[in-house]
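In the two complexes below, chain A is the common chain; its partner is chain B in one and chain C in the other.
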Partner chain A sequence: MTQALPQGKLYESQKLALWYFWVALALFGAQVLFGLLAAWQYLDPGFLYGKLNFMTNRMLHINAMIVWLLLGFMGGVYWFLPLELGREVVGIRLARFAFFTLVAAVGVVVLVYLLVQYGPGNALTLWFITEGREYIEAPRWADIGIVAVMAIFLYNVVATVIRSGRITGVAAVLMFDLIALAGLYMAGMHYTPNISMDQYFWWWVVHLWVEATWEVLVGSIMAMALMHLLGTPRRIVETWLYLEVALVFGTGILGLGHHYFWIGTPEYWLGLGGFFSALEPIPLVAMVVHAVYDAGMHRMQTVNQPALFWAIAQAFGNFVGAGVWGFMQTLPQINLYSHGTQLAPAHGHLAFFGAYVTAILTAIYMALHQVRRPDLPRFDSKLWKWAFVLMVVGIFGMSAAMTVAGFTQTMVERAIGGSTWQAYIEAQTHPWFQNGMVWRFVFGVFFLISYLVLIWDLATIGKGETRAAKEVGAHD
Partner chain B sequence: MTSEAVRDLMLFGMLMVSAAGFYAMFYALGRMLQRPGVVRFSYLFALLQALGALGMILPPYLDPFWKYLITFSSLVYLFVPQGMWWVVTTFHEREHAH
Partner chain C sequence: MEISWIETTIAALFATVVLTLWLSRGSGWLEPRFWRNAAIVSSLIMSGILVYLTVDSVNQIREGSARVPAYAVINREIGLKRDYEKRRDVPVIAKEVGFFGKIWSEEEAYALVNKGKMTLQSRNCMDCHTLLGNGAYFAPDLTRAWLDPKWETMVKGMTGKATREEAMAEWLQHPDRYPTFARRMPNLNLSEEEARALVAFLKWMSAIDTNGFPDRFAGVQ
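Up next is the complex of A and B:
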């Protein structure tokens, strides 16, 4: 039973999606701000020392990113799901409750991170201050909250599919992916005093979320987005989604092995991890071909220009960030020297931006089109182009600077110096490393400016448009 | 593994995969715009991709397993653009014919 709405009307789920998007964007700002503070502390280690240490800024920088991307994905699903299934999302009140709970929990965790920061190595710290595991430092109560919110999210999706009486390929992929998403997070809550085992399961969250379940989740959101943005037929979109799931899971799951090289796991992980990781860029190259085809078929013109450009940037960004920067350091022979250097954040910055930030911005621009001026045949502004270019230059600049610094560490500290303390100091004081850190900060400021331009554009796009839809269509 | 070996493997690896991406992009662009010159230009990147692979395979840095893997990847990259182009256009033609 479908409940299609007239143009200009929103489902309750879509209204909720907007809340998700705005909170996500605010946390995006927090990510940039704390990242800049941490970048400055590389240049001036005494800055805010004892008040807001590097470890806290870095933790907030990374945790803000994980949470805002997650919120953006959830917003994307809440936005597109009713359009996909032609009905309101089931359990919308529960979904709202989950949203406010999640936002309140994030607020409390951030305050604890800022005001308490750390504690003794006991259960109290683990439960209420920080779990201490890199990237997923949230205290245990927040971990449980995240799983509960993901369970509600999963219920919303599954119940809506069941109630709608139709199961599309995209919805099916989404449901199975969300089960994996919620389940895998629990692997990060497993405690063992054996550090190798601890790392083994910790990577299930960090790698399998990012390089498997998130990839598929974003693939599902982009599939729904492309049907509305480009009018791509469902059969094509779903075939591509199945192909992507096969390729991403085929290479991404055992690609996990590239994190198992040096944590005390058996030696066969060198071969397994290296083999699958080396194949990971292949589907990303294939996506480039499809992106060029789609862009060319529509002559870079569509109903929503910013969404189109961010969607195309997604295919290219995913390839460059995950494919090129990933492959460069994924073979164990190289990784022995490069892991843990600035090459890792260079890869991380480009890959997260290319694969995920672009996709969420695509969804947000599409949502704003429907909210502000669904009657306009083309949703456009001048400012988004500035935000787009500045942001791409900013992220590439930061990544290039970190690549130079990481290369210096790999060579001077590891390959030439043999990882001695003296070699560490030599690498840290090497002009290539130091200049890399300076340029990382400079491009970080650049990125902050682009973020502000982006926010201004998102806040204003479509609002000043007074021309009638017919007039815009006639001129264009 | 010497420091030169680490440097060479990293740089040739970067060249191999980035050239594979440019090859795919220019090949698809040439076919899209029906410009044979752009398609021919894309083959330059196919060559660079192969050179990147050779740069990893020919020196004695890697064991045979890794050399086979790089060779296999490089061969796949050579045919991904053509294969994907065929898949994409065939899909769309069939869909529009329905």
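Up next is the complex of A and C:
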């Protein structure tokens, strides 16, 4: 099926993957920290006012997320690809160079965000400080750097597949998905004064990354992970992956239309976007069915308990966060009132966590098993359960609080108030909204604690295990 | 030719199913080959339709089209009215009234709105506000900001300016001086030129046909 090196030995590509994972986790911490600062500014608007404004915290919050998830995906691919193809990744020195370039570039961008924050309204600002477009604020020079790094990454994957002489289904899906992913980023690298045109192609990056190519990328990583974690036969895993690609691309590409309801684009997008995006949860339901089946088959027991739980959380989180919370507001008749309210971040938080954070954590736990104690047939700790439960409670709590706030806005500001400046203020000062913001912060603190527990567990799991392999054996 | 969403949807699904079945003749629906074909076919068909619709959409949202007005619209009076046939609000572009006391040629208006858009991006407006509903939620939506009653009822009085555009430009240069809410916009050091350009951008944006978003803005009749 797949080939591994002798126990305790790692491919160079896997050693690089660990670097990716640790930097990703550090940026995860930055995301949580700046998110909390921004959440506190809802409660105390004078906090850091004029020094570190909401806009800067919020920009760092979402950009840290994009970058750490990408780093996590790349780590996942560098970890599993040599196992999948049975050989070292081609161009590993170039890959290392790309890693350090990327980390240095991220450092510079973050420092500029923090210290310079904004600039005069000219092209120089867009090239060197911020591009000012939500999610892809990174200045243009950094865009070019990201594309260069993605090109190296793509080269690593494609050259390794060609050199290995065997194109598995997973590798083929991965290759084509990465080509699309790198190509789509370039759609976001242009400037136009026309805001409708700007947002039209901006969504090609934001939607077609998050709701199409990232879903398939994470599907490929999870497919490789499941073969090792549960020993699921390749034929089954690959059939499910194809099914997922058919459904994700079949619904998600035109599902893009749900972002084209109100940006000036023609009316046919109301119907097309509404219809296809309403179908977007279908592949996610399919994955839940598969996860329940797998978990039942193995009675929730495997060689790597934390990885199994995060993998199952991925299926459910993706379905609930992306599927249910997305469907809730995707029909144009509802979206006319809910668009641009706190319902959007409620969906965003749950979906990004459910679909992507969980998948990366699955991969990291699997990697740590091989790095620390490959001899142990059962990789486990006490602490991971705490991190798991606290994190799930934290993210659901935040999303629930924002959902209540979002409904208040939808009703008070949009449906009744006529969407004006004053209507906005009335919704923001409504007790339901204000309570929502308090609870969002409380659960945010919960989330920070769970993050610290998670990091502690990742740093220590397997290290203190002094028993011999046969004493902790799960399969006896 | 007007594109109909129902025909497009049915054609896309029909083509995907038929082509997948035809390519997968001889294999059962549980075999990997069937779903591999389905994945390739659905990706290609949906991408193809997206490209086709993109060509049409880009033509319809070019500045100066029926949906997205030319930049010189800043010279005109802009409003909203309820279109009872379409059951939604549409922008109304009325008589020429000038902007900051002059009539701007299309080239001048382009330069001004362009500067406004650059200013908008350089100050990360989207990380507090939403534009056309997209952005962050810490501050009000700006889609119809030019038409907001507060400029007339509150900001003109606060700033002591005679026209709406002057009041807006003054407010944008010193938002910290004119609070309207517990949350104040920070002073982002806008020059007068940038503030005026930003007002031009907001006025232009308020004339875009957004399919009725946001619904019944300021209680439009």
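Here, the second predicted complex is superposed on the first by the 469 of 476 C-alpha atoms of A that agree within 3 Å, B and C clash if a C-alpha of one lies under 4 Å from a C-alpha of the other, contacts with A are read in each partner's own complex, and residues count from 1 in each chain.
Everything that follows uses one rule, which is that contacts are C-beta pairs under 8 Å (C-beta built on N, C-alpha and C of every residue); 3 or more make two chains touch, one makes a residue touch a chain.
Keep in mind that what you see is a predicted model, and the values were worked out from it rather than measured.
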{"item": "Fit or clash between chain C and chain B when superposed on chain A", "value": "fit"}
{"item": "Partner chain in contact with A:Y337 - chain B first, chain C second, else both or neither", "value": "both"}
{"item": "Which superposed partner A:V285 touches (first chain B, second chain C, both, neither)", "value": "first"}
{"item": "Contacts of A:T420 with chain B and chain C, given as first, second, both or neither", "value": "second"}
{"item": "Partner chain in contact with A:F275 - chain B first, chain C second, else both or neither", "value": "both"}
{"item": "Partner chain(s) touched by A:P233 [first = chain B, second = chain C, both, neither]", "value": "first"}
{"item": "After the two structures are overlaid on chain A, angle v-u-w for chain B, chain A, chain C in degrees (C-alpha centres, nearest 10)", "value": "80"}
{"item": "First, second, both or neither for A:H347, with chain B first and chain C second", "value": "neither"}
{"item": "Larger contact residue set on chain A - chain B or chain C", "value": "C"}
{"item": "Contacts of A:M328 with chain B and chain C, given as first, second, both or neither", "value": "first"}
{"item": "Which of chain B and chain C A:G121 touches, first, second, both or neither", "value": "second"}
{"item": "Minimum Cα separation, chain C to chain B, after superposition on A (Å)", "value": "7"}
{"item": "Residues of chain A contacting chain B in one complex and chain C in the other", "value": "235, 239, 271, 275, 336-337, 414-415"}
{"item": "Chain A-facing residues of chain B, complex", "value": "1-3, 5-7, 9-10, 13-14, 16-18, 20-21, 24-25, 27-29, 32-33, 61-62, 65-66, 69-70, 73, 76-77, 80-81, 84-85, 88-89, 91-92, 95"}
{"item": "Complex contacts: residues of chain A adjacent to chain C", "value": "38, 41-42, 45, 49-50, 53-56, 58-59, 117-123, 125-126, 129-134, 137, 169, 173, 191-200, 235, 238-239, 242-243, 245-247, 249-250, 253-254, 256, 259-272, 275-276, 336-337, 339-342, 344-345, 409, 414-415, 418-422, 424-425, 428-429"}
{"item": "Chain B-touching residues of chain A, taken from the complex the two chains share", "value": "233, 235-236, 239, 271, 274-275, 278-279, 281-282, 284-286, 288-290, 292-293, 296-297, 316, 319-320, 323-324, 327-329, 331, 333-334, 336-338, 407, 410-411, 414-416"}
{"item": "Parts of chain C lying in touch with chain A, wherever the complex brings them together", "value": "3-6, 8-9, 12, 16, 20, 30-32, 35-36, 38-39, 41-43, 46-47, 49-50, 53-54, 56-58, 60-63, 67-68, 71, 110, 113-128, 130-141, 143-145, 148-150, 176, 180-184, 186-188, 191, 194, 197, 201, 205, 208-220"}
